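Below, chain A partners chain B and then partners chain C, in two separate complexes.
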Partner chain A sequence: MATIMKKVDAVIVGFGWTGAIMAKELTEAGLNVVALERGPMQDTYPDGNYPQVIDELTYSVRKKLFQDISKETVTIRHSVNDVALPNRQLGAFLPGNGVGGAGLHWSGVHFRVDPIELRMRSHYEERYGKHFIPKDMTIQDFGVSYEELEPFFDYAEKVFGTSGQAWTVNGQLVGEGRGGNPYAPDRSNPFPLEAQKNTVSAQLFQKAATAVGYKPYNLPSANTSGPYTNPYGAQMGPCNFCGFCSGYVCYMYSKASPNVNILPALRQVPNFELRPNSHVLKVNLDNTKSKATGVTYIDAQGRECEQPADLVILGAFQFHNVRLMLLSGIGKPYDPISGEGVVGKNFAYQNMATIKAFFDKDTHTNNFIGAGGNGVAIDDFNADNFDHGPHGFVGGSPMWVNQAGSRPIAGTSNPPGTPAWGSAWKRATADYYTHQVSMDAHGAHQSYRGNYLDLDPVYHDAYGLPLLRMTFDWQENDIKMNRFMVEKMGKIAEAMNPKAIAVLGKKVGEHFNTASYQTTHLNGGAIMGTDPKTSALNRYLQCWDVHNVFVPGASAFPQGLGYNPTGLVAALTYWSARAIREQYLKNPGPLVQA
Partner chain B sequence: MSDQDQDNPRRDFLRKSLTLIPVVTVASTGLGGSMLMAAPAPAQASPVPPPVSDKAYEPSYFSAEEWAFINAAVARLIPADAQGPGALEAGAAEYIDRQMNTPYASGALWFMQGPFNADAAPEMGWQSKLVPKVIYRLGIAATDAWSKAFNGKAFAAQDSATQDDMLRRLEAGGSEVSAHFDAVPPKMFFNLLLQNTKEGFFCDPIHGGNKGLVGWTMIGFPGARADFMDWVERNEQYPFPAVSIRGERA
Partner chain C sequence: MKARVIASFAASLALLGNCSVSAADADLIKQGEYLARAGDCVACHTAKGGKPFAGGLPMETPIGVIYSTNITPDKTGLGAYSFADFDKAVRHGVAKSGSTLYPAMPYPSYARVSESDMQALYAYFMKGVEPVAQENRASDIPWPLSMRWPLAAWRWMFAPPVADTPEVAGADPVISRGAYLVEGLGHCGACHTPRALTMQEKALSAADGSAFLSGSAPLEGWIAKSLRGDHKDGLGSWSEEQLVQFLKTGRSDRSAVFGGMSDVVVHSMQYMSQDDLTAIARYLKSLPAMDPQNPPHQYDKQVAEALWKGDDSRPGASVYIDNCAACHRTDGHGYTRVFPALAGNPVVQTADATSLINIVLNGGTLPATHTAPSTFTMPAFAWRLSDQEVADVVSFVRGSWGNKGAAVKASDVADLRKNDMHTTSGDDLGQVTQPH
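Here is the complex of A and B:
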């Protein structure tokens, strides 16, 4: 029998960014809140202690901070006709584990969203006609506008201590010639901190992109350009470009994380409890299946516990949220054959391409220097900033140099044709490690009828529950866009005048490769929208079917963005929290009538 | 040219470089930035014992034959040459042996529930039931058997050119090699060996490799300095030598 815990007003599953934001907002509203985090307690001290944390083998290579997939992973297949196989070693994506979640080990690229991407289907239909969107592409509108979200983007940036350069503030041009992005939507305030310094690699990109005729801007970064205190009183120190950013705990208190930016404030309030090592198995529903009564979890000692609550927030990583809904019977599972059902629908990713340019020894890019959110980008091919009509694909891509710090075991690369070992490898590695520029096209990824999530029929986790199954592959639209972006980015690379160039783009017919890292930007599966027939959540991230369950996270995105998702994830969480505080708590029930 | 002749310059280099590399322990923990940025310490400061040579290290996982293979193989994958010391001098063999006693080597970091489909396409990622400890055991035995079938000598006893040729064939994984590798695919074995050798060449010395910080010095990686505020915008060579977590200095 499960131990029944003392009832709380709200239970939060997962303590990454969304869990921490919800905990802060709901405790501010006076609720008693418990957050259940399945991983261990971790924080800047002792987990980010210098110099112990400056250890590439332990963190990047053995993947200390990432999900423990010996206990639970996902299975993957390319189509419904294949048998899914488990992702046995972390590769394509690196979800987090423990307090802070992926928000502890992320890089810190902190964007908003291009407004048209919130109304993707409507926008493309309006500009290019209904037939421009491929038949099996299932892109949708989010059901919320940039204007509605702007105050929440603004607040999230203040909480994160984001560095960047505005283009316009309340319609006033402020960013021309100063690193602002002319394609960025209007803002109510400047960034909390000025943009970070630019590495030599970023300077080279800036110069080359300008020469080719594009409009480079400074990446908005949740790595601090100076000392900062956020609205919660949490303090950050200036980022020193240590180069151990993505995959590491920031020893400098410079990279925004739930641990640095929110947890210190939550520790001060009596109505919040964080329970690490608490693995949630399912959300419990009442007899009507329209109301949650709490969650069941396994505690640190392996005991089954039931945590009753009036409100349940699923704040786990994207695919864990989807799996918990499926395991709990919340919402109708998606069926790719009929196209009916909503949970698992519109699973989307990121459509990456990379070009590396190699230089002579008089160009010192010093690639060990880096900050995860830092860099120079262009948006000339992002979103719908160019006419897609002649090109026949949907979606755009920012391009950038984002030198986060390359370390020797996993971070060295050589010109094409270099042997992988021996004296020739040694010479090339010595010649090029500090003389190369890596640039990415961080392509948006669209959703399709056949890319979806459900429960695997064969493999199970350490508790005997079915693993989540991904059915996913690249589609013609993705390859077309990828090749277009590679061609455009290639022009920038050539304008740098390098000795050699290596291109990592997608080939026609290429399958999704589960082994090579792309991004941890996984989207969809529990998407928000305006119609319960085509979305699992309403525009406030509230489950259509179970009104006291809210599901913040990139699982709510109907398709992938050109930008990194965390900025939109944070803004949507604040937006949802506001709706809970101002509407739901006064009158619990559906916030949108189906 | 006999293999003796070929190997002599490397051994010579090793002997010289090991005596020339100053290793100074600054402090065990809590290094201040100012201390790390200080000018290289004079030779008389904090004398510490010279680095332990590979010969003194007793392997805890590998048998004598396996240990001979690992030493010989890492010395060819990253050889000592004009560029500087190689993986053997860096202690990669010791590093690999030490790794064999970690959860990684027994597959404890991976999802290892069956059923397995070892013949799945490469884009499905790792699908083998084999784990690093076992791959080494099987792969070394197969390589030595193949080597002996060729001329009666184990891999470690072949001359350098033959060793290089054998490693290239393992890397390619062609059918003439596969015939000797019933229990483990040659490519899988080679890739693991190369990956671990590079780890042993480039890891922090706390893990047993990169002795004297030779891997970092070769490419200009400053190690645990991790503070570049003043260097971000400068198109210049970074002038300070590498330091390790324990405060060793190149």
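Here is the complex of A and C:
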């Protein structure tokens, strides 16, 4: 028998970025809000205490801040013809856990979006014709434009305390020769903080990229270039380039997180409650199945509880949102054979390539320092900033040096041909540890008919509920784009005049490898759009079928971006919250008529 | 816990607002609530986890533990108190029963409170506070020390007469207001003025002598530092604006609240009006320095330059680099409003280094305030640094960048470590407070 909790106006599932933003927005609107976070309470103190947090074994190797997959994991297969097996060791992606979620352990690269990527299908059809997009590629438009989102990007940057250099502000050129990105869309304000200083490796990339004819710019970073106070009164310290960002709690209060940037303000309001260790099992629907009545969760004492609410926000990680919808019977599950249904559809990722350049001992790159959001990038091959016509693939890729700090256990790389152990390895490590530059092509990833999410028919979690099943593999378009990007990035690497180069790109016929880390930028599965036949959510992230359920997060992206997703996730969440505050609360019901 | 205190204030006020309280009464109660905050009555009259103003907080005195009293309008509290009874207790130090209060109750300071403010406080405690039935707890002081008549003698000797202070012609009204708050309800001297052997504050007002607010001996592990005009260890280097910012938010450009003052900011000062904070700051800034020479801080760049070059040969320098410099920086300037400056900071240069040693050993959390909700925690280093290392780094901080604090010894650290001070943690300090 579930314990029935006192009804609230809104219940939020998950307390990462989207949960925190929604909590702030909805409490500002006067709602009583409860956030249920699956994992434990976490904060800079005590979880980020210096120097205990500078512990690569605990955090990176033993994955302290990540999901406990002994309780719940995903099963993975490459195609519908394979049998999916549980992912028993986190590798390719690292979903967060606990208060702050992935927003506590992220790096801090804080982009907006290239405007064309919000209207991917329309743009490609307009420029390259209807037949350019491969038949099984299911890319779609988001249903919202950059211009509509601009104020929300702007506000999110102010909340995050983002460092960067604008190119134009209200049409006025301000960033030329100062590290601005000429491909960046117009902005209504400069970045709240000036760009961070560049590491030697980023400077080498900048010089080489310029020599090759590209247009390098400073990465926008949610690691602070100086002390900062955000619109909520929350304060940040300055980043000191300690190099412990991704996978760690920032001890300097300098990496934006829900914990540092939003939670302090929420603690001041009486109409908000955060319940950690509260694992939501499903959203409860009324008998019409068109309205949610609340959620059922297991509390810290292991009791089953029901939290009634008028409004349900699914703010969990991308694939948890999708799984909760499937477990709750919200929206029609996607069927890859017929192509019908929407929940689980358009599951997409990031298409990475990496090149490492190794130098003689007179080039000092000090790889032990770094900041997760810091670096120098080019957008010459991102989005549709070049003519895709002759190359026959869809999608683009920013390229960068993002020196995030090479830590002693995992952070060492040696030139190709170096043994993986023994005295030769030791010698090479001593020779190259501080004399190398690593650069990435952070490729966009498209959605395809055969890459999708559904409930696994065999495997269950610790609560007896089916695991989520990923059916995912690289497609021809992905490999083509990846190889193109490696070639272009290789020119920059060569222009640095290194002693040796190592290339980590995709080979023809390569399959998805769950063991090697390839970002935690998983997208889609509960996508937004303009048509309930092809999307699970409307343009305000509201479920088409259940109007009082909103699902912010990268699960709403119809395909992956070239940029890192957090900036768009945050902006879309503020956009959705505005619609809830200004439209939905006054007249609860569908915000878009199907 | 404190959050609930404040929430229930609001709730009880709202409750009473709906009953038979007239608008004039409501204004008076509201004024009384404000004054009760100025006096931080809640700090002593509420036990940890207890109901607001119901008393029961244990307080160590040299002769034994005493417990604060119930001052809610219940019959176990102030229920039967007339205004005259209330006034007699608050300003004269005499309970309704006729016995003299322990001077843990700062009635020598409250003697300064005006008649009209007393009326407002009375209205608040009788009509604006939720009654709580909770019997007062007798002290643990053994006979014969528990006899109260010596307290009466103490009172006759040291408590000033109660009379509204006459306005001084030509005095700055802002400074006069500041004096009224600091010397009166604020009872700042209770911690910040040194006490004589007989435990009375050595001065109760600016006019009473230069000992007033000149800093205390260690109290619960912290030094309540001098608030006078000395640059080295007083407020000489602070601007009026920085003081206002500090009292309102717990932080200024170059400093952050810690120790016992955290509670004062969270429960009292942050509620003060801008005008009253300005008055307090201007008055404090009007107090002359104890040291007639009083040289301003001269920044010395030698240490920063040495550290910048990788020279950590100075004792304590390497401990500083490894543990402190990320936030407080090699130049000792910290970061504006986030990580306090150590260079020129009077807190690190007090004659007695107890506060600095304590904060290195146990860390501290900057409390959340309504207008500055971020809590910054300096981690504890007791588990990591030996007595000698703490002594070295404290001495390094006290003697670098132009600072003039004397070196400390490992034995000083050992003594404080033995005291087993609890860390000022974010768990009970203003992490959850209600907005007003």
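Just so we're on the same page, the second predicted complex is superposed on the first by the 594 of 594 C-alpha atoms of A that agree within 3 Å, B and C clash if a C-alpha of one lies under 4 Å from a C-alpha of the other, contacts with A are read in each partner's own complex, and residues count from 1 in each chain.
One rule holds for everything that comes next: contacts are C-beta pairs under 8 Å (C-beta built on N, C-alpha and C of every residue); 3 or more make two chains touch, one makes a residue touch a chain.
What you see is a predicted model; the values in this text were computed from it and never measured.
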item	value
Partner chain in contact with A:63 - chain B first, chain C second, else both or neither	first
First, second, both or neither for A:229, with chain B first and chain C second	second
Chain B versus chain C as contact partner of A:253, first or second or both or neither	second
First, second, both or neither for A:50, with chain B first and chain C second	both
Touched partner set for A:352, first chain B, second chain C, both or neither	neither
Partner chain in contact with A:489 - chain B first, chain C second, else both or neither	neither
First, second, both or neither for A:238, with chain B first and chain C second	both
Which of chain B and chain C A:91 touches, first, second, both or neither	first
Chain B and chain C contact sites that coincide on chain A, given as residue numbers	50-52, 238, 240, 242, 251
Complex contacts: residues of chain C adjacent to chain A	7, 322-323, 326-327, 335-339, 365, 368, 370-377, 379, 384, 426, 431-435
Complex contacts: residues of chain A adjacent to chain B	50-52, 54-57, 61-63, 68-70, 72-73, 76, 83, 85-89, 91, 197-200, 203, 238, 240-244, 251, 363-364, 366, 368-369, 407-409, 412, 420-423, 425-427, 429-430, 433-434, 458-460, 511-515
Chain C contact footprint on chain A (complex, rising order)	43-46, 49-52, 226-227, 229, 232-238, 240, 242, 251-253, 260, 264-265, 267-270
Chain B to chain A touching residues, read off their complex	29, 31, 76-79, 81-83, 86, 104, 108-113, 115, 117, 120-127, 164, 167, 171, 194, 197-199, 202-204, 206-207, 215-216, 218-224, 226-229, 231-238, 245
